[in-house]
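Here the structure comes first, spelled out in structure tokens, and everything after it is commentary.
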């Protein structure tokens, strides 16, 4: 719907990809693990290999959780924009069609957070 | 356990907020300073206003006047809300006793009828001019830049509302509710008021808020307040209409106080740069000439054949005031 | 019927006002919190100038209520004699 | 004299009518459209501004008189509080952190409210609402200043109060309240009245000023309490203005209903989201608690707001749909927010901590359906880790909601174990929101919300480092540089309460007061 304004009202989006110096944003959330209060935002080159995201980037963010050591991301159940999705660890974000500001989530069946509280 | 906290002598970690300390050093700051400086946001705004997409919410570009630091425009009275309302409450208390005295003692009946007619013809329609003053100052308070000037402009706006209401009471005391209708009719239709109304309406649609400040607070007030609440007031007192002077005491005191604040703003802004001086001087000339023209027929009602001389005096005083403020007019 | 309410700062000036409100509105319920007194009433609550004046022994302007008022709920109607809060249905 | 006897003193209503009505006029030398350029663009139709009712009929002289009386009392309390080291009388120095959030997150909004109401007070073509708005504008500058003056004394003794003006424009969580007010002030005058006059003042500020301030009293802070209650006494006028404004729009033209309903839906939700911060202040930051957030919500929002919506039903106004989610959220949001601030305490301007056992028991009793099941295990774990010297600080930036700007911490209405993700696309770009309510707001006005200055994205764009910082230099620590840009002093203003300078100073000063040395 159009904004009702007194004069012409159109402004560029504040967060388009060109403003991130060659990088893009990707969000990643670990479902049923509210220990981390919200999904994370990462700023990465589009040619980042998905495997590198999993092996090098995500551990820094998630390793404070006592269950992280049991997580095998290659067996995680992924969603992209809320839809079931299967990543290929050898492909890059760009090749996998993970665009700027894509939201990814993963579930780790069998791991239910601290004392099963989904924390 | 009883704790006697008063006996504790502790050394503060800091004396004031950092944004105050950056301006004045880390020493105890006044309530005016902490309640004024840098209160308005300046840097980051989320959305452009729907009502003015060309600017951000608080934008220095809404006037042609340029200041390196808008907080140079401080209020010599150092009014923050508390000190402002307490000062006005004291004045309204005095005004209230004056109105009570006039009403309870029936002092209006002692006013010579020709003077009563002048008061009805001039002071009561003037409430609409005051209302314009309220609107213009609320505009500045909304769209001006920097709390140092936008804050006192709101106080000034409310003062104008207060004065409009005192003028209304004068109308009610002198002529009852009908006096207000008569005055409104004069404001809308009497040829003697039309130049004034045209000027007020033209000022109402002025976009540049500093221009508005100059037109309203320096020029318009600088001419009609001395004329009505000083010269005309002298005439009331000299000729047995002290009752009216009693009811306008608030305005006389108020103008003496607030014009000093207006002067401080103009002086600092004009001294900032040659460009500011030129712009402000130009505005003064433009509005002064129109205001003089608008006041001429009203001066005749007030002063009869003395009108020209009185107007001449008022304008001469105004010109010398502007010269002292560093304007070239 | 919905509840209206009014709350005052708990202090000496509010005391006679609260007494007057409770006397004039038998259906009103008093709740005391730290530093605050809240009065709830089904449907309607009326504060009468006269009742307050009886208790303080001087003239009272209902606009003086504002000095110690904390909050209200309901539509307000105020004249020289009464300050009324009500929901219209 | 006979004249005197027959001249009846004018009643309040009559007097007020003379004092305001008729001051304005239909302009003819300039068109009314030009004098009031903002009156029509939002689509609200007003046929007769004289139908406006002014419930509080304050003339300026009465305003000055009563407000000056309030100010005299208030500043007497503040002076006494400062002279007697009143800050040492609070129950527990943890409490002071709630005040930091108040000064950095709320007082600057009072200031924007002042400017916004000055604008509304200029822009409405009716004299009644204009005068009421201007008085409110004046009250709002009062609130900003009295809060600053009350907290000025805390600033002298505690960290985190020191640079509130700088922080409101920059710090990540302060963009939540700031963007709320920016959103309202950038809207037209009628929407502003719904946003602030109605939703914020009528529906929401009671929750901030009444139970929270009563809590401040319970925690021994008479300075703040006096400011809070004294401010709220003005709110009684403001709420009445907000309610009157909404009734007026609805009565003037049936075409106004859908516009007003859309604004009510939007602002009820915007406000509810901002109140998340207040919920956390009540449940976690007041060492002695008067009532839980949930109880406060039930009394001041559900009962009071419910009465209001019942009343507005006769105009066809429906209870905003999003509020059914709020009824579920009331059991969760204070805990979710505190968990967020606890883990991002490294980037905050106040201290956090984990509740004690006794406090957790209170939370279980107040939140029997949720606290033990979802939150106690997490909090106990964090506390144990902290005791082992392993205090959890999250240093990866969170994903934010495009509209409310809160990290995406809220859970699905039907599943409190699952983060709620909502996604929209506009002009080929993806936008994420935390709830149906926020998504709806985005989808209604995408051109507005795509401009949002989202703190996390701005950090990644490199816009949040001190001038002259070189992000390519060796050893560049982005988070440290962001804190410097915020003017948050690492190790002093942020991190856990345990071990903080505030904690040490308070204990030492209290020790001086209770011992003979």
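Odds and ends about this structure:
Think of it as A, B, C and D in the order they're written, each chain with its own count starting at 1.
What we mean here is this: contacts are C-beta pairs under 8 Å (C-beta built on N, C-alpha and C of every residue); 3 or more make two chains touch, one makes a residue touch a chain.
On a predicted model such as this, the values are computed, not experimentally measured, just so you know.
Set side by side, A-B and B-D show the greater C-beta contact count at B-D. The mean-CA centres of chain A and chain B are about 58 angstrom from one another, to the nearest whole unit. Put simply, the C-alpha centre of chain A and that of chain D have 31 angstrom between them. With centres defined as mean CA coordinates, chain C is found 38 Å away from chain B.
Counting partners per residue, chain C has no residue that reaches two or more other chains. Shared interface positions of chain B, defined as residues touching 2 or more other chains, are 48, 50-51. Contacts with at least two other chains are made by residues 37-38, 41, 69, 188, 448, 451-453 of chain D.
Inter-chain contacts, as defined above, occur between A-B, A-D, B-D, C-D. Put simply, chain D touches chain A in their complex at residues 37-38, 41-43, 188, 336, 339-340, 343-344, 373-378, 381, 392, 394, 396-400, 407-409, 411, 417-419, 421, 423, 426-427, 429-432, 443-448, 450-454, 456-457, 460-462.
Those residues of chain B whose C-beta lies close enough to touch chain A in the complex are 48, 50-54. Taken in their complex, chain A has these residues touching chain B: 3-9, 11. Residues 2-5, 7, 9, 33-36, 63-64, 66-80, 87-89 of chain C touch chain D in their complex.
Listed in rising order, the residues of chain D touching chain B in the complex are 1, 3-4, 10, 18-20, 22-25, 27-30, 34-35, 37-38, 41, 59-61, 63-65, 67-69, 71-72, 74-75, 83-86, 88-89, 108, 111-112, 114-116, 118-119, 121-122, 127, 130-131, 134-135, 137-138, 141-142, 144-146, 148-149, 152, 155-159, 161-166, 168-170, 175, 178-179, 182-183, 185-189, 448-449, 451-453, 487, 501, 505, 509-510, 512-514.
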